[in-house]
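Common to both upcoming complexes is subunit A, partnered first by subunit B, then by subunit C.
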Partner chain A sequence: MAEVKIAAEITASVWQIQARPGDQLAEGDTVMLLESMKMEIPVTAPQAGRIAAVLVAEGDQVEEGQAVALLEA
Partner chain B sequence: MPDTIPNPVTDWQPELDELRRREAMAQEMGGPDKVRRQHDAGRLTVRERVAKLADPGSFHEIGAIAGRAEYDETANLRRLTPSNCVFGRATLGGRPVVLVGDDFTVRGGSADATIREKPLMAERMANEFRLPIIRIIEGSGGGGSVKTIETTGRANLPGGVGGTGLFNYTTLNLSAVPVVGLGLGSVAGLGAARLASTHYSVMTKETAAMFVAGPPVVARLGQNLDKKALGGWEIQTRSGAVDHAVDSEDEAFECARRFLSYLPASVHDLPPDLPCDDDPGRREDSLFSIVPRDRRRVYQMRRIIEAVVDRGSFFEQGRMFGRSLITGFARFGGRAVALMASDPYFYGGSWTADTCQKVVRFLDMAETFHLPVVYLVDCPGFMIGLEAERAATIRHGVRAMAAMNQTTMPWCSIIIRNAFGVAGAAHQPAGRLSLRYAWLSARWGSLPLEGGIEAAYRAEIEAAPDPAQKLREIEDLLNQLRSPFRTAETFWVEEIIDPRETRRLLCDFAQLAAPLRMPQPGRLQMRP
Partner chain C sequence: MRGPVLIANRGEIACRIAATCRRMGLPSIAVFSEADAEALHVAAADRAEPIGPAHPSQSYLSVPALLEAARRSGARMVHPGYGFLSENAEFAEACADAGLTFIGPPPAAIRAMGSKAAAKAVARRAGVAAVPGYDGEDQSDTRLLAAAQEIGFPMLIKAVAGGGGRGMRSVASAEEFPASLAAARREAMSFGDSRVLVEKLIPRARHIEVQILADTGGKVLHLGERDCTLQRRHQKLVEESPAPGLDAALRAELGRRAIALAEAVGYVGAGTVEFVAEAGDAPTAERIWFIEMNTRLQVEHPVTEMVTGLDLVEWQIRVAGGEALPWAQDAVRLEGHAVEARLCAEDPARNFLPSPGRLQALALPEARPGLRIDTGVREGDTLTPFYDPMIAKVIAHAPTRAEALTKLAAALDRCSASGVRLNAGFLAAALRSPEMAAGQVDTHFLDRARAGLLAATAA
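This part shows the complex of A and B:
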């Protein structure tokens, strides 16, 4: 079973975490919402799998390319 | 007199045999071992690349037998090692092009085995015969190496006397003919320059890397990086140095063919029209609800693009760079256009410094090759914040505005949602007439209300007994006043449309634009 890094595509703040460790996600499911330029930007699962870890908390600032969650796929 | 004396040779068969022998040696490239190593590394040889890229049987090689010859003591040819530059003419989809490729099996594609005039003639042929050129690059692309000092007994002055031709054409051809670069191995030095100095560049993900100088040189800076970490596809496509990355060389060839299908052979020609069986009046119902009423929620701009263009005709360029703006080519009623569209998934569609650089290059290309421009607008402004200021976003932004204002190609903007601030103003060229339509979801202003109210009504809000309540009251009032219909009342916007009418109007635009394109060089001299 491979561990897949889910990365933020933009520099933003973490607005709302929607997936918890252990959750089973399909490809494209929303993991969390980031906020940038007053917009809610979804971070989605790149493939189906189980959330192994969420690496950030709501309110955190994240950088482009930063891992925000790990997926067991 | 004996009757065994052979008849004297009266034709040129010996010379023809010699020619064929030399050509056969050239076909062997760097020899079986080097070819095997190339294959073992997952890469094709330059001759296999040319054969796969060109229409079958269409490649006409020039200078195949140029190379380094070895003779025996009686002056008979023992061996010919060909130059590591293979070039010639071919057709792609029936259209003539120039192909020029590095042969990595001969001295790793380095200058040691290059005959300088070969890549130079390829570039010159493209320029003077007005043909697109595809550079297949692996190695230093003919650039110098340290070993050259030993083999030639002197150091090379880059751009020295008699040595500026290739440097000249590396950029000059951008203003003359379509230039495609395919990076299909390790690419460094002049090779990297020739890959970056193109209208469209592609690299393979696993077998290619591009850098100014490779890992051994960079290690002297204390940076111990392998090729991929230094100049792999993720680095180079995100930096904007390379447009696209693919899994296989076959895909790279297909990208090259597809890219060229939208462009004329040169600035002296017009982009080719294709037959279209997609109804120009097709209405896509999905467009009526694709933009969320909740202004904080995003939507997939690429779905809008796919819904309005001729089916399957969108070809994106530079997806990984300046990602708040999608750029690419598409067709409306069979006519090619340059298409820009905001992507709200990236900073809400704000123009970052990278986005602005992307705009400049893309519009310069559209202008160079006579492509009308379609822009699907959702731009809340330039990117803001400390990092944006450090990146000189505003200077890159006004440069993008200048590029837009300097275009002469017909232009049509569809305002999908936001058009705010200076970047919002940059949705069509200033100073000339363009077509413009606004969707029902469109909204605009000098500054978004969020944050803008606090700035403009600070004294009033602070003086209120309940500042938060006051803020809401002002926001409600302004939201009523900024309806796009009020803007249309005063003719600040020409037309508000049902989104489902978009395709019909853009096909109409492409038809109106067609006779305005002129098959002649413009004033613009494009830079990489």
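This part shows the complex of A and C:
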């Protein structure tokens, strides 16, 4: 079991968290929606796996490259 | 009654409104969030009032903060710009209750056009053809599916309260419908209203809209149309007036429809009636349908200003102050051709991902006759994730469409920035494409042609 960091690709605020710890995701499934410059940017699972932890809360500000969730793949 | 104008907005539109106020001899008051204390729009106005934290919900969308700023500054009028509270009937009412003149339509007109379903009901009353579909109160799965099957697939599900390109999804088949409906309702909830409507999808569509201007005496004029077909993510990137291939008879017919809708809701001020037209050969009256009305100034209003010679903000202020429109419809003439491009901090190569950051360098061409630059930022500013990514609107005006496209593309070649990604090269390549030259584009053209246009940018 490898732990994969899921990172924000842009400086943004966390708008909607859609996956909870324990959820099983397929590659490409949405983990959360970020909002930046009036655009919704989905953060998706880079590969199939189980969400081990969500590291941010709705309304948080995140920086480009910051880990926002951990995936057990 | 005219008096000091509070500009309840930010960025380029706040700067643009302040410029007209200055020309008219009206004091202007900017408002700013904590992120905008050093912003250009603050310097553009005669004075400025702080209204709270960076997040729009706590500043530019805060009615109490804006009313308090108006009270402190002695404002008599409020210009909402576009976005933020510009189409919020409660804000218009709150301004009136505070003794302020809201520069925009009456709250009842904002409400009547506020939801996509309500607007379609107005169109039925006014005898204007809207996109065929179902926008009723029965929101059961079975009723909506039946309506979708009657329309035929592919079709669209739209959030009744949606806007700005959000809350819309296309559905390819009846099998996909239940899952898409559930997703559309979840999305719709972000607008505070889970209701949806279903309508026919025009697979190859052009977006054509008519600018109207109305006074308090019931006179409504149209100022011609704009073609806003070049879009990404359902958001406009390039707009032009007149619309390619639209003849005088069709212009008059669309103007007639727009005026009928404005009259049906007692409209006052500047507004835009949006239509969808089938792309392909020259548009015809039977293949153009009403979609919605925007009860405010539009981002792309400068193209109309350049072909009519009118200052729309000036006339918004004049009619809000009770002045009558002094012209007849046949005195409104469209001279030449104008095209606007929205220069944005975004990366076309990464699916138009926005690019917040510090503008370490910014070069824009100088404005001159036939070339207008509306901007709200300058070198050294930081573009935060809180606000939209637009850096400037670049607008070219020339005797012919071909000349205007060439001039705008050349102006975009002279735009550059460091610190953020810029879409200037991509826009210039789109303006130079053979499809654009021929007027053979539809609303999905930029998505389809993106790879080729990016290659042209790199060459």
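The criterion applied here is as follows: the second predicted complex is superposed on the first by the 73 of 73 C-alpha atoms of A that agree within 3 Å, B and C clash if a C-alpha of one lies under 4 Å from a C-alpha of the other, contacts with A are read in each partner's own complex, and residues count from 1 in each chain.
Everything below uses one rule, namely that a contact is a pair of C-beta atoms (placed from the backbone, for glycine too) under 8 Å apart; a residue touches a chain by one contact, two chains touch by 3 or more.
Remember, predicted model here, so these are calculated numbers, not experimental data.
S.K.: When the two structures are overlaid on chain A, which partner does A:Ile10 contact: first (subunit B), second (subunit C), both, or neither?
M.R.: It touches subunit B and subunit C both.
S.K.: Once chain A of both complexes is superposed, is A:Ala53 in touch with subunit B (first), subunit C (second), both, or neither?
M.R.: Neither subunit B nor subunit C is touched by A:Ala53.
S.K.: What's your read, subunit B or subunit C touching more residues of subunit A?
M.R.: C
S.K.: After superposition on the shared chain, which partner residues are touched by A:Ala26: those of subunit B (first), subunit C (second), both, or neither?
M.R.: A:Ala26: touches no partner chain.
S.K.: Touching A:Ile41, do we find subunit B (first), subunit C (second), both, or neither?
M.R.: Both subunit B and subunit C are touched by A:Ile41.
S.K.: Kindly list the residues of subunit A that each of subunit B and subunit C touches, one partner per complex.
M.R.: 9-11, 36-41
S.K.: Using the touch rule from the top, collect the residues of subunit A that touch subunit B in their complex.
M.R.: Those in contact with subunit B are residues 9-11, 36-42.
S.K.: Hey, which residues of subunit B end up touching subunit A in the complex?
M.R.: Touching subunit A from subunit B are residues 296-298, 323, 344-350, 380, 383-384, 387, 448, 450-451.
S.K.: Using the touch definition up top, name the residues of subunit C that touch subunit A in the complex.
M.R.: Those residues of subunit C that touch subunit A are 55, 164, 166, 190, 233, 345-346, 353-357, 383, 385-389.
S.K.: Can you list the subunit A residues touching subunit C in their complex?
M.R.: It is residues 9-13, 16, 35-41, 61 of subunit A that touch subunit C.
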